[in-house]
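As structure tokens, here come the structures.
Heads up, the next two complexes both have chain A, just with different partners, chain B and then chain C.
Right, the complex of A and B next:
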């Protein structure tokens, strides 16, 4: 009985899969936040590398992965696919549970899959410094790791709540030569305005994005980099699903019945799910179900509106059509910092809107209970973000126990939780509040919250 | 920091001998063989407080002096009771001196009666922390246990200041088996929150005020023009009225329709009258007191008849995070088991702008 399925380095995909080629309806255009005109490459050029702008709007189905990028990815890729036999036994489920483990990368998550590519294209454009935000610290450390491989400087604005909870993430970034400060900071106009409004704020991804964008726009030879949400990020993450399809074949599975991932900005979910979605749209996996799991505290897909909104608090980013709780929404300071984002990748949003992706939300105590069950059966102490996926996996597997269905469940275990142990400690101490978004009250008010200008 | 420490040496005596309270019944309690509870509680507290961190002021003899000395805490005796039998008057006089001397905190051992005496002098000028050692502890200024109070004193620098209700129980009604609890005032009390960013003592009052303002801003944003809102009691609900630009009734219930206050400090009859006129109604309430009662303690205006008419689904519960950290579960006593049972076993509590917590509800 095999436990893990390992691909050869040569089997690392040579091309990314771009779901924009297969969408049932095309994405709506994004708009310039100032002129409110549809956005063009020239609007993005001041802070993004030219190839990334091209990829953002490309509808080519496959895009070559540069060999320099592939070389670096082989440091940990292809990543293993596991069969979670011990978890299956614990749950007494007839379902087969597989998980793709992205925690084997040096920074510990799926994030370097796009960080390497983004750093590479910026280097090609002669950029010397990149500014970015980070929620849980996984993205910041991934970009720190990637930029130093190309001799670039990196400045990371880390959401205050996580910065305080996870001091080791900051030290990791320092090891890789990046500078990390808490956001909101006093170093940007956006940050100063936010601190004036609420000096005690725990920050949010939306706030940190504003700071990083401002930093990039106001420093010479500096570009901005986003770790999720955008189309090119989902593109770079497609290696996860492309590898998984091959590995499932090694395990004798031709199809998956349920594909599950946690969703913050949507990139790890998209990375696993989109290659499977290609199969479903092409009619080769017609019954494959897709479930994105979010925190009840920030239920963007389950309770948000499908509308045009900014990607950040200060309104510097393009206005995109996506599921959103409103760019002014500051999610409570839950421990899955990487899922505290008011919006959702437009690509994941459109597929949810079209009924191809389902979404569920859960409270943080039940999420940590699932994470503990997982580490006590499979051994891996997962990131609180990834634990959201596990909670849904367990729910689906338990449903299979009741119905007797032998479903094949595949989920993305997006990262390890070695720097999140204080969150586990808080869970064991019974000190985790079960935050939730008061969606019913908001809906009943008939006011158009979120307010979108 | 400078802490005023006072013990009500006879608090808790009535309970063990079935008197349900010691006010005006010390002699009777002694005759029935009662022994004092509060000195024992005070000893546990003082043995857990790290010596030498804070400076203590206290009252003479059994009101604090001897207990502090016993546990190795030097203290300045600033008031000496005359006579052997101490009274509420002694507590009040000691607290007056603590106030005049500019204490940062008053730490007391007693029950609701003692809390009322302390509050009568101090009001919300100095934070209060009670060590539960009486017969009834409905007031929100009590820590859960002497150990919790000691923890809070040891980590006072990290504590967040919360509003805490002082409750008054009608003692003679209580002895007759009726529970009549009224809200008499709002004091300030320190709380350790664990997961909140620790903020400095000096800025705490602002912290709590800002948290209340965020909740108020949200409630106002979701208010409908066709709905009557019954709002109160306490400082969190008063902040909602204040955000509408009006002065609310801190200890009572006000009615708001279409952004205006249409009635103040309503009694049961007044509420029922309004319910006849307005078909759509929601109540905005905040948990009250040490246990976190959403209904049934301190807000008699929400009588069983009123609660039934409003309907469990139309109660919006609001509370700041700092306050929730003192009340791990919410309690409910709708005055009628049948109505109470219509409430779910957990409630959504609005604790910020578009932010809520799911809390267990115990009946």
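Right, the complex of A and C next:
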């Protein structure tokens, strides 16, 4: 009775899967934030590597993974797929629960899948320094790890709330040679303006993106790097789902019935789900259901608008069509820092809009209850972000107990929670607030969407 | 060009290897701390499970691993063996460096290899609660993890110095349902006596052992569990070396030239080394060298006596023949908390005494320099304990660069350093002291060894 399914490192995918080849309707163009004209490669060239710009708009179904990138990915990939037999037993469910565990990477999450690729392409373009933002710290540490391996510098603007909650993340980045400061900071115009408006702000991903973009645009030989949302990020994360499809075959499963992931910017969800979506669209898994789980405090897919909006607070990024709560929305300071983003990957957004992806939201305390059940059955202490997926998995598995359905559930366990233990402590102490859906704040920020002609 | 060597979970060893079958001279008996008579099973029965007592004195070469234990070990085992190609390149060495990575276990080190077995045998004996001590926290979290999976309670006495340095370890134990308090505590007679003597003591493993043994002896249905030193612990850890031998074959290596591990109580070193020692003793790897690395601040093998001593400060444990700095020796508060033990596993001790194991010691700053070189080349942030092994590996590999020897070096990378990042921060800040060999303290404590008739 197998517990985990392990691929050989030679089975690491040689190509990424690009869902832009299979969309039911094509993505709308993005727009220049100043001119409001559709953007071309020249708009992105000042801060992105050329190959990443090409990938951003590519509609090729498969794109080769460079051997230098594969070499590094094999430090931890292929990642294991587990059958959660102990969780199944705890839930007394007839469902089969599988999880892909991305916490085995050195930084502890799925994020280095794209960090390595992005650092590589920037290095190929002669870039010597990358600026970025990070929420919970998973992305910042991943880019620190990646740039270190390619001998580049890295500057990370970390959302203040997480920076204060998770001091170890900053030290981890320092171990990999990166500089990490709290955002908003006094080092950028955008940061200074935000601090002037609210000196006590806990920050947000949208604010930190503004600072990192400004840093990249104003420093020589520096590019910007984003850890989620963009099409090329979802592309790089597709290794997760591609491996999982092979591993399910090892487990004797030809199809999945439900594919689940948490969604902040959307990339870990996309990474697992898109290769399965390809199977659904191609008619090989016609009944496969997809569920993205988000926090009730930041309910982008479940309460947001499908509209054009900036990716950041200050309006420096291209205007993209996506689900959004408004670029000015500052979510309450929940512990799943990686899910505190006002927008959603355009690729996840369009598939939700087309009815191919469902979305649910949950509160902190029920999420941590799920996390504790998971760590006490499967043994792994997960990140609060990943615990959102587990909450939905448990709901689906409990529904199966009631109906008797033997569904095959697959979810992305996107990262470990070794740097999130203070949030577990707060949960045990009964000190975690469950924020109501911040309807007023969202309504206010949605009034301020940019206009596209 | 492979980076890592992964065994299938069906290749997890079905038997532990017991080096007591192959010792050049047999172990001396241990003695009852009160009567000073050789101990028998009845002396250990009040606090140890019956099968563990049997294993402690067994001279069978192979002992079956129960299927319930194997089932849980497969949550993370077999663990990967890596070829450290990036470190080799950094060092410009012709040596081949391999490392077994035990940090993939949920608690983050090799410790659950024995915690699972110990919890299982105690559960089989009807025990409902286990008391233990922990230094750096690796052992305490491992036993918390293990007892949780067998539905038992767990109480952990954590050395005060580490308790204060690593608050996340305590929270981790709480996630797995265990109670963790700082030692010396006011909850035991031993602890109260130590606090009376020195209210500001940073504690030691020897003190914490006294408290846990007293707790077990004075609570109903409670046993004691030790995470290192004892023969049955070294036995359970042999899965590390047994797997590594198979994985080296996958890598095309028939022999190892140097086997390296850090040594505190000796169990991670023994786990890797003993199956290789079997090969050496059987004449299949006649030239294989073994090196144990310890901190200069607690130089048990390099500066201690081979003598009879207690395993704890208060003299509650059996008197064992081992290398010791004296049971009253309190090491300086270095960051490698798992290596702050006055004694050494009797099995490691006898093999060192017989000239089969070499030992070296190093200072904190050179150890952290090695850890940073490792994390910046191989990507993994290691525990300060494991970094001691890396320092020796780098020394041997650099010697190979000078001599041109293409040695095959294998070391045990026993755990990750996710909860040790404050010590990295102290290193970067230049705030880590390099303690001189505490000769006076050791000489004083060696005057107080127990007398055996």
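FYI, the second predicted complex is superposed on the first by the 437 of 453 C-alpha atoms of A that agree within 3 Å, B and C clash if a C-alpha of one lies under 4 Å from a C-alpha of the other, contacts with A are read in each partner's own complex, and residues count from 1 in each chain.
We take it that a residue touches a chain if its C-beta (ideal position, glycine included) is under 8 Å from a C-beta of that chain, and two chains touch if they have at least 3 such contacts.
The model shown is predicted, which means the values in this text are computed figures rather than measured ones.
In the superposition on chain A, A:200 makes contact with chain B only, not with chain C. In the superposed pair of complexes, A:421 makes contact with chain C only, with no contact to chain B.
With both structures placed on the common chain, the touch criterion links A:74 to chain C but leaves chain B unconnected.
Of the two partner chains placed by the overlay, only chain B lies in contact with A:434; chain C stays clear of it.
By the touch criterion given at the top, residues 1-4, 6, 8-9, 71, 74-75, 82, 86, 104, 106, 108, 145, 148-149, 168, 171-172, 174-177, 372, 375-376, 378-381, 418-419, 421-422, 424-425, 428 of chain C touch chain A in their complex.
Contact residues of chain A toward chain B in the complex are 160, 164, 198, 200, 202, 296-297, 325-326, 329-333, 363, 426, 429, 431-438, 441-442, 444-447, 449.
Here chain B touches chain A in the complex through residues 194-195, 197, 199, 207, 210, 221-224, 316, 321, 324, 348, 350-359, going by the rule given at the top.
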